[in-house]
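Please go over the structures that come below.
In what comes next, chain A is part of two complexes: it sits with chain B in the first one and with chain C in the second one.
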Partner chain A sequence: MSPVFLAQVIDLLSALVLLLGFGLLAQRRIYALLHLFAWQGLFLAANTAIVAYGAGVRHLYFSALMTLAMKVVLIPYILHVLIRRMKIERDVEAMVNVPLTLLIGIALVVLSYNVMSPIQEFSTLMTRSTLAIALATVMLGLLMMITRRHAVAQVIGFLAMENGLFFAATSATYGMPMVVELGVALDILIAALIFGVFFFQIRTTFESLDLSKMARLKEDVGE
Partner chain B sequence: MNAFLPYVLTIAQAALLLLLAPFMVGWVRLVKARLQNRRGAGPLQPYRDIRKLFAKEAVVAENASWIFRFTPYLVFGVTVLAGAIVPILAVDLPLAPVADVIALVAIFALARFFIALAGLDIGTAFGGMGSSREMTIASLAEPAMLMAIFAASLITQSTSLSTMVAEIHKGVLLKPSFAFALLAFVLIALAENGRIPVDNPATHLELTMIHEAMILEYSGRHLAMIEWAGMMKLMLFSLLGIALFAPWGIAGATDAGSVAFAFVVMAAKLLLAATALPILETGLAKLRFFRVSEFLGVAFLLSTLAILSHFILER
Partner chain C sequence: MMLAGLLIAPVVTAVPLAFYGHRRFAPAINIAGSAAALLFSVGLAWQVFEQGSVQTEGGSFFVDAFNVFLAVLTAFVSMTTAAFSRPYMAHEFKQGRVGPRRMRLYHAMFQLFIFAMLLALLTNNMGILWIAMELATLATVLLVSLYRTPESVEAAWKYFILCGVGIAQALFGTTLLYFAAERVLGEGGTTLHWTNLNAAASSLEPTILSLAFVFFLVGYGTKVGLAPLHNWLPDAHSEGPTPISAVLSGLLLNVALYAVVRCKILVDGATGTNRAGQLMMALGLLSLVVAAFALFLQRDVKRMFSYSSIEHMGIMAFAFGLGGKLATFAALLHMLVHSLVKSSIFFTVGHASHMHGTQQMDRIQGLIRGNPLVGWGLVVGVMAIAGLPPFGVFVSEFLILTATMREAPFLAPILLLGLAVAFAGLLRKVQPMVFGAPSAHQVPVRAAHVPVLLHLALALVLGLFIPSFLSQWFETAVSMMRW
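The block that comes next holds the complex of A and B.
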């Protein structure tokens, strides 16, 4: 396959990752959120595998496989089980202003493009054009953690941010050293488990996973 | 003969639009009925409806001004004009330089403006409500529409529809910006034509109707013209989508042989679009009016992403 065609496939997949980042930002339902996150991981894994093939970097195949195992299968499965155990499948988050959030997201994409374009000039890799998208994915995850009030949604925002970081590593330097990547993957897995424990703690204390309730320091008296 | 062909084609395009639009709408209704386990009327029913309406007396409210009487003719004429501009069968036709794609959007806006005025003109509650809603949706749909079109213009380096189509025809593959623009265009086309997630074309329920509320007072030949123009608008948006995003098979201006082929391909693609639309509509529920802004916000987002990804990924 010609490198031009491969570069186009990489561009398309990275555009899909970005689109899913926006999808995560706008989706209200918990389960749908989880599915979107799994799709993002899938496109990320496919993107990594194609970069590995195009650039001839062996260890990236392993990274792609790990992304597939962790972010498409394992973590969504863990969260899925948690959601079912806590019986919050039907939770619909009350989000105030979705169009405004999306507009801020667009502004973030423009910002990341501006920040990254000087770096793009110096890069000679076939993935250089996706650098800005990777940074934008990180930013969108961050924005999601800021705008969401539901604990599970915030965790998914965090994981989406990690997706973006991994993406950035792939497009900037064809991935991090294997040791680092293994460490990060393990961290993420442990984090997902610890988040699970936190979910249960938060829910037994506050009887809800809406984190805005944690802003109150004491129980309301006389209400 | 070849010297006349472009002019013949221009007229043929407008005539095709006039004659085929009711069939397309009839087909959409038929497929929709079948999907809902109804038998449905045949695809020729809209022709009969139009003939019936033309034979009926047009009743005009006492306090209606000239705007109310003038609007159906304006809307009808403007839609036929748009049909002559959009490249349906061939590119580089004589009318192509008359208006570019921005002017095309403006032409649709003109028609909408006058329908909204006519809705207000007779002073009934429903007309005013319909106009207000229509303009709310239009104010959100039009920027998104323009952005989607600008994305296609960026790829092809032109705003002339004919050049754009010819340029895309030469080969655009796997461009993310293109995919985003197509998605945005589909959402906008649904909103602009009052299809299901935004407006229900089959209802006269007071609280939900938008387009139907504005034209509630029309009857007889006025109603026939507005309905016919509405059908043509649906077909035009399908044709515009086909021309911009899947123009394969379109003919050059002076090539008599390939025009017949272009017609067959166009008809097949149109039928495909007219089958996909009711399937899409059956799978969706109508949105609450205050959620429409989110729907169109997504369309705007997609078209903006199309432009951004053109700059980020495709330089």
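The block that comes next holds the complex of A and C.
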């Protein structure tokens, strides 16, 4: 396959990852959110595998497999089991102003391109055009964590942000050194397990995973 | 050998504690494990003192004048905190606030947390540094929610989410750093080693490194508690058990600041300017002022001292940002004395809140009559943290102020204002708690006095004179800074 064709496939897959980032921002249903996240992981893994093939970097195959195992199978499975066990499959989050959130998301994408364009000049890799998309994916995950009020949605935002970070490492340098990548993956896995513990703690103390009930810790002035 | 022992000791201690952490002998194991770590850290310090910096084979770990005193400090405060936690947690256990399972979690996670901080300090790899910082959050997040009250669960969640957001930015910064370094040092595991990066700093692409520093500062700065990214800190530091508050405020903030400074050294080398330092100065001053005024609004005593931690981290970030020999020296000293004094304050505050069954300041009265050592411990601790002579904080703050007068005189009024407001706020709040007649609901508790006395004595000694080995380390660390 010609490098030009491969580069186009990479661009297409990156665009899909970004699109799913927007999808995550707008999706109200908790269960559908999980599916979107798994799809994002799948496209990310596919993208990594193609970069590995195109650039001939062997260790990226391993990263792609690890992404597939963790982001598409293991973590969605853990979340799936938790959601089923807590009987919140049908949870629909009340969200205010989805259009505004999406507009902010678009602004963040533009900002990411602005920030990254001087950096891209220095890159000679076939993935250089996706560097800005990676930052945009991180930013969209961040936005999701800030705007969402449901604990599961915030966690998926966190994980989507991590997807963006992994994506950034792939597009900037064909992946981080193996030790670092493994360590990060371990941290994310532990984080996912702790999130699971938290879902139960939040449910037992607040009777729902809707975090808008959390408002006890504020600076109490006067009274 | 010493280095391996230092890292292995907390992990080995955590294993039996995970199974027997609720037994009566568990606190003793906890103390013994921390004491072992302290011995190893002193051995390591001796090694560094004799031969200069120490590197392991392959360069994965690296100890120099900058991180060795922080490693000893971490091991020391973790040991005194373990000693304090013995009567404190026994009280919580007796009151039924934590069950046997949570005691096991508490003890095991305490040691893992110490391990994570030591790993962050001693690793040479910027990627591992990130992993260790995240590990430190993960180890403490379940401890913040240990009491399972709505407030503590909320605090822990906020801590987890906000620090997660922050630390992700630092990982992006690390990616950018690797991107810049790969072009100079080539691909591979050793490219992210700080020593290699430092040696090649001048040939790293300045545009990339400047951008990377923004991400580093936002990321690790969130963990330092720099305003405006400090929202999680007062919650997390006040809702968890007090021994955890003491190590979070006294140690983890230092480790996060250490990470920022390591990044700053690299960035300064690449850019040849102090742009990174100016960013740190701005955030530092903002934190100082915001936290100083926030002190007045507090009702919860641990929350108030958490704001005081933000204030002091702001001062340190400002001083490191200002750069120069004097300010950097003062910042290093401030890291040391702040952590000693702040953890001792949390020890006394923990006992005070047990005596009154609450952390609300208006319900804590007459501490000195109730328990003179706890009361006077708090008075002396607050005097020390507010920057009164003859304590170490006074010396470091005075040096920072002098350096500011010389390098950036127009910023000195802001610095002074922040210090004065914080001073007034602390004194106003603490006075009614310690003096006067004890309130009717006050009950005596078994208190651990030795840790408090030890910390305050050390802070006093550091205010009177600085031992030569310490000043030598500080000078060496100062000479590593490029600005």
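Side notes on the structure shown:
As a convention for this text, the second predicted complex is superposed on the first by the 216 of 223 C-alpha atoms of A that agree within 3 Å, B and C clash if a C-alpha of one lies under 4 Å from a C-alpha of the other, contacts with A are read in each partner's own complex, and residues count from 1 in each chain.
Convention: a contact is a pair of C-beta atoms (placed from the backbone, for glycine too) under 8 Å apart; a residue touches a chain by one contact, two chains touch by 3 or more.
As the structure is a prediction and not an experimental result, all values here were calculated from the model.
By the document's definition of touching, of the two partners only chain C reaches A:Pro118; chain B does not.
Of the two partner chains placed by superposition, only chain C is touched by A:Val138; chain B is not.
Judged by the touch definition given at the top, the superposed model places A:Val179 against chain C, while chain B stays out of reach. Once the two complexes are laid over each other on the shared chain, residue contacts for A:Leu82 go to neither chain B nor chain C. In the overlay built on the shared chain, the residue A:Ile202 is in contact with chain C alone; chain B does not reach it.
Of the two partner chains placed by superposition, A:Leu108 touches none, neither chain B nor chain C.
Greater residue coverage of chain A by touch, when chain B is weighed against chain C, goes to C. Comparing the two complexes, no residue of chain A contacts chain B in one case and chain C in the other.
If you check the complex, the residues on chain A that touch chain B are 5, 8-9, 11-12, 14-16, 18-19, 22, 26, 98-99, 102-103, 105-106, 109-110, 113, 129-130, 132-133. On the chain C side of its complex with chain A, the touching residues are 125, 127-128, 130-131, 134-135, 138, 141-142, 145, 148-151, 153-158, 160-161, 164-165, 168, 171-172, 174-176, 178-180, 182-183, 187-189, 191-192, 205, 207-208, 211, 235, 239, 294, 297-299. Put simply, chain B touches chain A in their complex at residues 173-177, 179-180, 293-294, 297-298, 300-302, 304-305, 308-309, 311-315.
Those residues of chain A whose C-beta lies close enough to touch chain C in the complex are 115, 118-119, 122-123, 135, 138, 141-142, 145-146, 151, 154, 158, 161-162, 165, 168-169, 172-174, 176-180, 183-184, 186-187, 190-191, 194-195, 197-198, 201-202, 204-206, 211, 214, 216-217, 219-221.
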